[in-house]
Amino acid sequence: MALHIIKSAQAATIIEVENLIEEGDQVLLMEDGCYLYTLAAQKFTALQAMSDHMQSRGLSTKAAALNVELISMKQWALLTRAHRQILTW
Amino acid sequence: MALHIIKSAQAATIIEVENLIEEGDQVLLMEDGCYLYTLAAQKFTALQAMSDHMQSRGLSTKAAALNVELISMKQWALLTRAHRQILTW
Amino acid sequence: MAEQKLRYTLILTHSPSQLESNLSAQQLAVEILSAGDAIDRVFFYQDACFIGLNSQVPGQGLQASYQGWVDLQSEYEVPLQVCIANSLRRGVLDKAEAARYQMVDNIHPSFQLVGLGEIAEACQSSDRIITL
Amino acid sequence: MAEQKLRYTLILTHSPSQLESNLSAQQLAVEILSAGDAIDRVFFYQDACFIGLNSQVPGQGLQASYQGWVDLQSEYEVPLQVCIANSLRRGVLDKAEAARYQMVDNIHPSFQLVGLGEIAEACQSSDRIITL
Amino acid sequence: MTLIIISSPPTLDLETIELVLALAAFEQAPKLLLLGQGIHYASLLQQEKKAKGKSPSKVVSALPMYDCETVYIAAKGLAEQGLEPEDLQSFCQLVDDEQIKQLIKQSKHCVNF
Amino acid sequence: MTLIIISSPPTLDLETIELVLALAAFEQAPKLLLLGQGIHYASLLQQEKKAKGKSPSKVVSALPMYDCETVYIAAKGLAEQGLEPEDLQSFCQLVDDEQIKQLIKQSKHCVNF
């Protein structure tokens, strides 16, 4: 069960990750990857995004409306505990 | 008549430039933009690419087969003389 | 925490002023250490070598890009390792390298220049490697 | 050349080790000057400020990222201008700024730190501005 | 007239906007065109990304005071970025591809980020 | 096993490949997976991008000598990048998405560039 951290703002990254994702993998949007929340919400179930980064981009309300789960830095650290393979895109 | 220099390797850049291009504008691929020659050759007439950069990427023969014109640094300098607006993507 | 203590290596690759990677990594490191886990090393690679430049003059009220790391090191003794080959190429030098090339060192003294063997060690010994 | 002589400003924005922008810009500058046109200034912005770091130790047979510019300047007196605000933030200092902040200068002496007024001047006086 | 074109998202230190502000302060009356993810610079909801850093929305809101009175936004990009016109600073103007081509053609210089 | 994943095109100083070579030299037997534009690292025709710089194809060709015997290439990306199997180093192996998922799952660590 891998954790896929998407930091890139390139939409092509979402497609790349979509092809490689397995049942049980988790996708987390952070930094400029937050801008891809609309496309990512269509592609991934149980999508998470870094709350502080969504907030500073003014996207928290919009993302929450698409059921993107906003998580704290502490929860991020817990995610890195739970997933052995951590891939950053 | 603008000169559009494409240095980015992101395919999305080609689409962006395609939307903004005018009759008489010139498109030049250089650096990692060279990797986009196939898509660019479909979108732009009279496409040019920096010969040294295509060569160092091993793409000269393939690009020439698609009628991409390979130009020298000296010809690049002449292009910047000929075009008042120079946009770099 | 009843759980087993995990050991982390963080690898940074981006310069500090344009993207947020350096800040994200500092915040993650704080959470990892607060949770009782360990950080074997923070490894600065490619343009992240510039994070340690000692001569930064941040704007009023702002912090230099190395400050969060220096603070974490003084509290938790986290090794701050900078790839020596990448640093030399870019002009980021510690005292030893500066002496070797007859230049002046310019990296914050909390950072050390090391070889890529440290990443091999990370592959072997760390439970998690996170690239940011 | 019978054509009118053109005046150029080049703006660089990328760090030197990952992308080729710095090399492309140096090659373009050579062609512009050989053709008899003029370069009002080369302006180093954002991570391109690192190009001037004086302490680079390039690998055997290789050149420091500033070398091509230093050569062009000694032949053609091209002003090599580095954005002062961007440089201070990153820790790239000339003698004057180093003295002001009691640090050691670390930029090659062919480069000078300047304000953004130089870009305003470029907008006004240069015939071409090229961002690389 | 100098046209600054930004098509990448706001950076940590807002150096691209600083350049626009400087040109405006030196009375160059620059025009700013935001494309794609660059449009987020004009979002009213953008906030600072580091402690005590500058807020993009505040920095951009200063542009009209320096005579950079209109910020042009590629209309097509707005929806793609998940933004609504009411998310943007009041002095923004939506433009289509034809208008963007005119802006480029009328400019003396273009500077892209 | 550490899996190095490169999805961006070759850089001027080849630092990503240096990391793979170092892991191999320290007997970590890293596996290298190239995706998208990262596939160009395996092209036999890549040459040095600066005077006296290293040639990517030469640096990559050294991998098998250090016990990094297979370089995995995302088959889907090959055509997208305009490359043919015969453009690649002989020790490359084309893999599909399912095989890539297995490579990730079997790795202890993943490092992406």
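The chains carry the letters A, B, C, D, E and F, assigned in the order they are written, with residues numbered from 1 in each.
In this text, a contact is a pair of C-beta atoms (placed from the backbone, for glycine too) under 8 Å apart; a residue touches a chain by one contact, two chains touch by 3 or more.
If you're wondering where the values come from, they're calculated on a predicted model, not measured in any experiment.
**Student:** What are the mutual neighbours of subunit D and subunit F in this structure?
**Tutor:** B, C
**Student:** Subunit D and subunit C are one sequence twice: same or different residues at the contact, by the over-half rule?
**Tutor:** The interface of subunit C with subunit D is built from mostly shared positions.
**Student:** Taking C-F as the reference interface, identify its repeat among D-F, D-E or C-E, namely the pair sharing over half of the contact pairs by residue number.
**Tutor:** D-E
**Student:** Taking mean CA positions as centres, which chain lies farthest from subunit F?
**Tutor:** So the chain farthest away from subunit F turns out to be E.
**Student:** Which chain has its C-alpha centroid at the greatest distance from the C-alpha centroid of subunit D?
**Tutor:** Most distant chain from subunit D: A.
**Student:** I'd like to verify one number: the distance from the centre of subunit B to the centre of subunit D, where each centre is the average of its C-alpha atoms, in whole angstrom.
**Tutor:** Averaging C-alpha atoms per chain gives centres 25 Å apart.
**Student:** Just the number, please: Cα centre separation of subunit C and subunit D in whole Å.
**Tutor:** 29
**Student:** If you average the CA atoms of subunit E and of subunit F, how many Å lie between those two points?
**Tutor:** Centre separation, subunit E to subunit F: 39 Å.
**Student:** Which residues belonging to subunit E are in contact with no fewer than two other chains?
**Tutor:** 11, 13, 15, 49, 108-110, 112, in rising order.
**Student:** Scan subunit C for residues touching two or more other chains and write them down.
**Tutor:** Touching at least two other chains: 16-20, 46, 86, 89, 128-129, 131.
**Student:** Would you give the residues of subunit A that are in contact with at least 2 other chains, written as numbers and ranges?
**Tutor:** 12, 32, 53, 84, 86, 88
**Student:** For this structure, give each pair of chains that are touching.
**Tutor:** A-B, A-C, A-E, A-F, B-D, B-E, B-F, C-D, C-E, C-F, D-E, D-F
**Student:** Name, in rising order, each residue of subunit E that touches subunit D in their complex.
**Tutor:** Residues of subunit E touching subunit D: 2, 11, 13, 15, 18-19, 22-23, 26-28, 30, 108-113.
**Student:** Applying the document's contact rule, which stretches of subunit F touch subunit D when the two form their complex?
**Tutor:** Counting only subunit F, the residues touching subunit D are 11-13, 15, 49-53.
**Student:** State the interface residues of subunit E toward subunit B in the complex, per the touch definition above.
**Tutor:** 5, 7, 35-36, 76, 97, 100-101, 104-105, 107-110, 112
**Student:** Along subunit B, where are the residues that touch subunit F in the complex?
**Tutor:** 9, 32, 35, 37-38, 53, 55-59, 62
**Student:** Hey, which residues of subunit D end up touching subunit F in the complex?
**Tutor:** 16-20, 23, 61-63
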